[in-house]
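Heads up, the next two complexes both have chain A, just with different partners, chain B and then chain C.
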Partner chain A sequence: MSDDNKITITVLYFASACDATGLSSESLTFPLPQMRICELEDKLKARHEKLKNILDICMFAVNKEYCGKDDIVKEGDEVAIIPPVSGG
Partner chain B sequence: MTESVDFVKLTTDPLDLQEIVDLVKDNGAGAISTFSGTTRNTFNGKTVVQLDYEAYTPMAIKLLSSLIVTARSQWLITKAAIYHRLGTVPVGETSVIVAVSTVHREESFRAVEFLVNELKASVPIWKKEIYSDGSVWKENAESKRCCRS
Partner chain C sequence: MSIAGFAIFRCEEMGTIAENQSLEAVLDLNRKLNKEVESLKSRVIELEEELALLRSVAGSTLPNSKNIEHNVENSKATGSQQLSLPEYLRYGRQLILPGFGLPAQLKLRSVSILIVGAGGLGAPAAMYLAAAGVGHLGIVDYDNVETSNLQRQVIHSEFRQGLSKAYSAKMSVERYSHRFLTPDKDVNHMCIAYNILLDSSNALKIIKAYDIIVDATDNVATRYLLNDACVITGKPLVSGSALRMDGQLTVYNYKNGPCYRCLFPKPPPPETVVNCSDGGVLGAVTGVIGSLQALLAIKIAVGMDDPSEPHNLLIFSANSYPPFRSIKLRGRKKECAICGDNPTIKELQDYVQFCGSGALDKSPETMLLTPEERIDPKTYHSYKEQNIPHLLLDIRDETQFGICSLPESLNIPLSELPRRIDEVKNALPSLKTPVYVICRRGNDSQPAVRILKEKLQGTVKDIIGGLHRWATDVDESFPIY
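This part shows the complex of A and B:
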């Protein structure tokens, strides 16, 4: 039974963000119907002390698309923390 | 059934340039340009022992495929391939190969340059340089960064 007043999302951590949290992913539930990326960012900073400085330079992606800090996160979304890339 | 013309792959296997050239080879194309990126042995005087690559694979595949679509909107591309290696890559080995076939050479030069530059700026792939006395996650100079509003 879905509950309209809370959301559960999956957060993915890569590279330096993975090292800082010791996690490659985690499932998080918030008592809100939805939230903005910037609100999620603040909650993640509070949750993971070592992630604070890293998050300031990271991009976010929701469901595999880059997004802005004002974009909305909804129930079931997959949110990836993308540190500066270094492919090639 | 239409023949596949674009090839995007992330793999832990060593990359074989000839195999990728053969993928984009086409009798209607007079030019094939390729770019090979290889792993360097030093950074700021420190000796690099090996490099470890990781990716957000589903998003990287999606973005690489969409980069080829964008390139196709700018140049007349016959076939294109982007292969990137993941996992441990020893120094001196190839970490990325981009190959494009076109009717005339100029467009293949431009398209390869575009695809390599965009890959380095925005595709979620990361490399960690391992030194004899530690390691560091690298950041491409052209990488997209968050700008706080």
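This part shows the complex of A and C:
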């Protein structure tokens, strides 16, 4: 039975976000029924010091679809954090 | 020495040996000589080919910053509605593809594609597009070929070091395609090399002349410039990027899809941008993305793209599973500053100012310390020779330290320095022992000095120009990478 008052999500970190966190992904649980992307952004900034400069310029995707900062994250969602890569 | 002269000289050598040594040694030398002659002959052929190509490049009118009105339209005059006999044979393997056929090949021959950047991405993109029979290619690059490019920029070669990358790319592209596409020798516009730095003053003029633009650049400023120029001129932008083991690929400003600013409205702070020269990149990674850029450009050119296919961003991570992930994108953003409903940007801007960094993938020199806080490699070397007690602290990461290092240096990466200060203190014979900090090029060593000065009592200085300058000024046998 899933608990309606908390959500567990998977966060995927790409490129410089992966370097900053030292993680390619992590599973996180929050004591909320759901949250907006911008709220998640704040929580991730608090969790990973080095993400602070990076998150502002990142694109977010939920379950492989682009999403805006006001979009909702729910139980079981996979959130990808995609910074621009500029090298070539 | 000529090959013949060389051979005579070696024959004399062989005679002396024959008197003193066994027949086997003579035969061995004979084999070696034959091998050497063969390799010299093929080298002569290679060089003659290079020379011929160089002459053809030098002989044609090349656009430069003053002469970019070079008209791609002129070169389209040769386009007929039929393939020549050699073309049927040459493109047979793709002509027979269901859904491709003769109409697609004719479209490829009449399309014009501009590739911006003849580096790791532009190299495979240009070669596959030329090989597929794209009739009109433009290649923009302002850099020259360097040794450190060759690990990924497979369009260039050792002999081309110092040559403009745009010309070198043109030479490679024409090596295997211009004869088929321009049977009339007077017309040689198949590939135009632009040895210029693309900026707000010239981008629109060049881009207007092409149907599809390929972003194969290596810096943030040029990416925003190309995006804006493509939105203003209404051209699809096939954008690729690669760094370390990661890459991204998408088509911007195409079929009502988003532009670069829709996804990334704010440029990254310059200090967070890592380039290939500092961060590294595997050639096969740029190869994957550059080849996919060629594929997308071909699909757009011949109209092969599936109308039901959503706009998407492809993310490639060579070290992850799955290595490819496709992110479904939305259409253009209504509030986008350039392609939105009420755009605030109506003409090209100053992108160096907007991004806070230039159109170069080289890191600017850090100027954090005063001259008194620094020491040049030669002076440091003299201290070492005099056995003056000190600690040499190398603050590169472990991987780079593993490539090469100076003897007796202590390695603590810059990122770990604040929490590993005690290790530095423990390594000092006395509280006042001077510490000299070294890194690859003398940039990262400067913030390290600042961190150490707060915690240590003795002199702390960094070595100007880092290990790179050490290799050029003190020890030529030390590797430069």
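Following the convention adopted for this analysis, the second predicted complex is superposed on the first by the 84 of 88 C-alpha atoms of A that agree within 3 Å, B and C clash if a C-alpha of one lies under 4 Å from a C-alpha of the other, contacts with A are read in each partner's own complex, and residues count from 1 in each chain.
Assume contacts are C-beta pairs under 8 Å (C-beta built on N, C-alpha and C of every residue); 3 or more make two chains touch, one makes a residue touch a chain.
The structure presented is a predicted model; accordingly, all values stated were derived computationally and were not measured.
Trainee: According to the stated criteria, A:S16 is in contact with first (chain B), second (chain C), both, or neither; which is it?
Mentor: both
Trainee: For A:N53, is the partner it touches chain B (first), chain C (second), both, or none of the two (neither)?
Mentor: second
Trainee: Between chain B (first) and chain C (second), which does A:K69 come into contact with in this model arrangement: first, second, both, or neither?
Mentor: A:K69 sits against chain B, while chain C stays out of touch.
Trainee: With the two complexes superposed on chain A, say which partner A:G88 touches: chain B (first), chain C (second), both, or neither.
Mentor: Once the two structures are laid over each other on A, A:G88 reaches both partners.
Trainee: Enumerate the residues of chain A that count as touching chain B in its complex and touching chain C in the other.
Mentor: Comparing the two interfaces on chain A, one with chain B and one with chain C, the shared residues are 14-16, 19, 56-57, 59, 61, 64-66, 80, 82-88.
Trainee: Under the definition above, what is the set of chain A residues touching chain B in their complex?
Mentor: 12, 14-16, 19, 56-61, 64-66, 69-70, 80, 82-88
Trainee: Applying the document's contact rule, which stretches of chain C touch chain A when the two form their complex?
Mentor: Result: residues 117, 119-122, 216-220, 223, 240-244, 246-248, 263-264, 266-269, 271-276, 279, 281, 286, 289, 313, 315, 317, 319-320, 325-330, 361 of chain C touch chain A.
Trainee: For a test of understanding, state which residues of chain B touch chain A in their complex under the given definition.
Mentor: 37, 53-56, 58-60, 62, 84, 95-96, 116, 119-128, 137-140, 143-146, 148-149
Trainee: Would you pull the chain A residues touching chain C in the complex into a rising list?
Mentor: 14-16, 18-19, 24, 53-54, 56-57, 59, 61, 64-66, 80, 82-88
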